[in-house]
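Note that chain A is present in both complexes that follow, paired respectively with chain B and with chain C.
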Partner chain A sequence: MSKRELRLGNVRVLPKDLFPDFVKGLALFGKVYAPVVRPDGAHVFSPVERVADIDMAHPRTMLSPKKYLFPPETEMYQFSPEKGYFDPPVDTAKTVLLGVHPCDINGMLILDEVFRRYYVEPRYFARRQSLAVIGSSCEPDDKCFCKSMHSEYVDKGFDLFLTDIGDAHFVRMGTSIGDDIVAANPAVFRPVEDEDVRAYKHAENCRAQAYKAQVELDSLPQILELEYDSRVWKEAGDKCLSCGTCSSVCPTCYCYDLFDRLNLDVASGARVRRWDSCLFREHALVAGGHNFRDGRDSRMKNRYFHKQVGFVSEFGRPSCVGCGRCIEACPANISIIEMIKSLREEVKV
Partner chain B sequence: MLAEKDIIYRADPHRPSPARLVGVQPLAPEHALFQFRFEDPKENERWTHRPGQFVMVSVVGTGEAPISICSSPSRRGVIELCVRNTGRVTSALHRLKEGAIVGLRGPYGNGYPVEKMKGQDILIVAGGLGMAPLRSLVWYVLDNRSDFGHVSLLYGTRTPEDVLFKGEIAGLVGRGDLETHLTVDKLVEDGQPWPHDVGVVTGLFKYVKDRVDPTRAYAAVTGPPIMYRFVLRELLALGFGKDRILMSLERRMKCGIGKCSHCAVGYKYTCIHGPIFTYWDAMNLPEMI
Partner chain C sequence: MAKPRVGIFGLTSCAGDQLVVVNLEDELLDIVGAIDLRSFIMAASHPVEDEFDVALVEGSVVTGEDEERVKDIRAKSKLLGAIGTCAVWGGIPGALNHVGRNTLYQAVYGTEEDLFKAREARPLRDVVKVDFSLSGCPVEKHQLVQALLSLLHGDLPSFPTVPVCQDCRFKENVCLLKTKGQLCLGPVTAGGCLARCPSHNIGCEGCHGPLDEVNFAAEAALLEEKGLPRERIARVVRNFAHQADLARIM
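Our next item is the complex of A and B:
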């Protein structure tokens, strides 16, 4: 093999007219989920029934793919007075996620760290290992600030990555599973030609120019600390409804509650893990009724500090990937972009 | 998909291990001492903890609660918890009879830095239920007495009735190798026998302030939030460095393993980086007390 062939060995071209065959071929690797449009216009990751339902050009899905790794609700154990706590079967059904954007792939890489550090959470990694990730390129809209959060690009965390180059997808292979998928469907891929490389570079350049939203990350942790008492928090706290939507839609929020749910016999039941939000009032309530974060402003501050200060000091990057979901979903129109700009006083407050 | 090499498998950290309640003793109104032993003898053998660490206790059907281990690692055999009856899990625990099975997992948290405390004077200040984690430290220090300098225990409760471990504390009062002083906020009735102080716990500092060398001492303080404010002021006035004051912080906890984020204070997880924090660390975190 020539050097050039080697270099181009992990890239291919998938002509768009062969895309349906590609999707059919994925079934070998698990049940396929991809973004489809709901009647109300929202995009959601759903099981693929017809290839025509897949919208590869979707802006952002309502929920992030975190729901496949860390579902909204998980039965951790079942229990009964006689048997104590015992395991339900772990879900290891092979799954293929098609159409995951770079921000969400970065979100998964962040969750990997969270569920790995201190104590490894085996359910998460059981799901992670049964999941094949096929990334796809996207067009940033006015709420995307992934570039500011350094998560607009991925060089790991995917098995295949498809970049739209007009009438074809430029395909990068990230793992040997990706290589297996290509090998199992030889008829749908063709080798990369010079003009494909040119088209790929062009697509990447256009995307880099397309960002409208931006926040400055430099010295942000320090600025947040200095602005700990800023009225920006108070004003946002007054608007916030403590609904927790921003946490549910976020690809990197991982707060959870653990509780025992009883069956009708009031004796047996299950220990349940459920998504929680640090914006809920009860989140920091302790014995005696004392609440360490009673004000909505202090809970909001907690969310920003966790993502933009605490995570940076531990992992060297914020745990926000700039996907814009919390901005789109907030019923009180609170925007993380505007908040950060106000705290930095880039805009008049 | 993640490569196999990227994942380290260990036992499921959320899983409680069955443990049998082998003894219950009432200690004070709404407070009792619970003694547990794991059902699996191997787990009893493997078990070690540091003073100041805690366990997550499950009572089937009610959920889990974090409870400090109040027995000392220097006294093996049973794991002891001193529990106040306040809510779902703790009231279910109080209803259990000897022989009942609960779930335990842990030990969690950092515990007291006992290695660093060696060779130093130790000033232990307990308020109310704060005695629970500190009892573990008291017995650890007494069982390794020659490792430490002057050791004193200042313990305040609301009334004489509320003193936890009454018999044990009475035994400590006469010991030559430990200086113990007690105080209550008030007597229940006038003339009640109480050969100790009445007043706030800071009133006890006068007994020990000339015996402790703050430059080579650690103060371990645990009590209700209000107590910290006064005790900290007193300790700083005595000349304790901020990194020589060890406080135990209480936060809501669900997982105990640094994931659920309920116990987050600023950038730290109380269940991982605490519950024992130096005053210096505490000062630099928002919403600390």
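Our next item is the complex of A and C:
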């Protein structure tokens, strides 16, 4: 429990029948976005129109909240003969992200590191600072392996965190904004009682037992290095369609492409940043037609090495948070859990 | 600076790409004002065909006349761009390339006589040097505008080479291939259409043609696993890009 030590002053209880009032009260802190069930059944972070559309418990949304911080396409700068280079406006409208799961909060914390380590990306942090994050607990399914990636809990990165304890949410306050939200909505919260603490502990324990999927992290970077030439890469490369889906849906993939979009005067325009994927052939194509990663197997390998080897040595943890999105979405049914298992098997031989 | 001399031409095709040019309502006046449009039969009579800085050619090379025409255009043009999937991949005129023209003559004209010196539909690059390509059936308006602006700026048009799936994911569509087992060629098809068909619950038919490197074999195997007959898969792939290394899927 050391990581989750709670000072009882920082917790409250939000009875579920008051949840609609709670959501209403959030409007004061920005436009509210939450996992909403679309008519086609997909769970998507969207503006909340009706509280009844919110489904915070579903394991994963199609795209992660990455899309609000680092949108699929962004204008990095604009240019014109008169004004030279100049910044396009950044949308800094106050935004409340409600129902963000621990894996995705950890995903955002990872992106924070990436976007400030060598060069601070101002657009990213302008958006980041306009976000209030209200985390929520979840029920792992057979594709969630956040626990293996040490991403199943959060002790920072949220303003409030709601844990489902039956007919109420156990609310942790993470920041002063969280405090403000509670202070501004006194009628929807009540103090924590012993019974709530018991229910909270119970919920946490149940969740810890609920994991079905697992990836062993021990010496994984070394195993990947040892299995650099493994048939596992070749087999996955033969199956992979280079569709880039795994990168698009990943809360921590941050590669991008840059290109210019011209206006009709052919003198002004914008430099556009667009999500890229290392599974695309052109990702490592350079001048002269040379490609560092010509084969799909080497591109596949790159994705795993970046997340599980390179990121670990640079940032001290894998950049994968175990959200299971790439497993759920890959049309070729390539699973990171199975891949890592196979590679581990190879070492045993 | 003199305005670039431009010609827009059609070979065997439906003229759909030329129509996209005419339909550029908002941008047309700006663009036409910036160029010297010398030949564009669809929009103006009295073409002047001496020299072009840029030729945009739609359609595939099917008849003897097509072949002569595109060679002549090439000889007169500094840059030649293939516009539309027919010009880039052979397109729909090539959908039945594997059947043989005499059989098709027989079916359509009741004779096997080679009336138009027709042969298998070929993309322009099989016949002449092509400097840039813009696929699509028809080409996407937004890509055409950017291509024309790039040319005016003095650059060869280029676009992110990503599959249809990327925009489909950006839109957070439910994946037809993965989730519904539908035939969708999104993973092997060049993007640009903003995932038009999957966004309407219809599998991508590949109208933009394939990307340079695609894994048809794996896509075909996957579709077969989902119970789609090989012949149906082959037919859809052939519709727009007969040349797309069909050997690998048949």
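Simple rule for what comes next: the second predicted complex is superposed on the first by the 337 of 349 C-alpha atoms of A that agree within 3 Å, B and C clash if a C-alpha of one lies under 4 Å from a C-alpha of the other, contacts with A are read in each partner's own complex, and residues count from 1 in each chain.
As a convention for this text, a contact is a pair of C-beta atoms (placed from the backbone, for glycine too) under 8 Å apart; a residue touches a chain by one contact, two chains touch by 3 or more.
Just so it is clear, the model here is predicted, and its values are computed rather than measured.
Judged by the touch definition given at the top, the superposed model places A:Phe280 against chain C, while chain B stays out of reach. In the superposition on chain A, no contact is made by A:Tyr68 with either chain B or chain C.
Once the two complexes are laid over each other on the shared chain, residue contacts for A:Ala132 go to chain B alone; chain C is not touched.
Using the contact criterion defined above for the overlaid structures, shared-chain residue A:Ala329 touches chain C, although it does not reach chain B. By the document's definition of touching, neither partner reaches A:Phe145: not chain B, not chain C.
Of the two partner chains, chain C is the only one touched by A:Cys240; chain B is not. Once the two complexes are laid over each other on the shared chain, residue contacts for A:Asp40 go to chain C alone; chain B is not touched. Looking at the shared chain after the overlay, A:Asp257 reaches both chain B and chain C. Between chain B and chain C, it is B that contacts the larger number of residues in chain A.
Residue overlap on chain A between the chain B contacts of one complex and the chain C contacts of the other covers 257, 259, 262, 266, 276.
Residues 76-77, 79-81, 84-85, 87, 112, 114-123, 125, 128-133, 159, 175, 177, 228, 254-260, 262, 266-267, 269, 271, 273, 276, 278, 283-288, 290, 292-293, 298, 301-302, 305-306, 309-310, 313-314 of chain A are the ones that touch chain B when the two sit in their complex. Put simply, chain B touches chain A in their complex at residues 1-4, 6-10, 12-16, 18, 58, 60-64, 84, 86-87, 101, 103, 225, 250-252, 254-255, 257-262, 264-268, 272, 286-287. Residues of chain C touching chain A in their complex: 27, 30-31, 34, 145-146, 149-150, 152-153, 158-163, 165-166, 169-170, 172-175, 177-178, 186-188, 211-215, 217-219, 222. For chain A in complex with chain C, the residues that touch the partner chain are 40-42, 44, 62-63, 72-73, 238-245, 248-249, 257, 259, 261-266, 274-277, 280-282, 296, 329-332.
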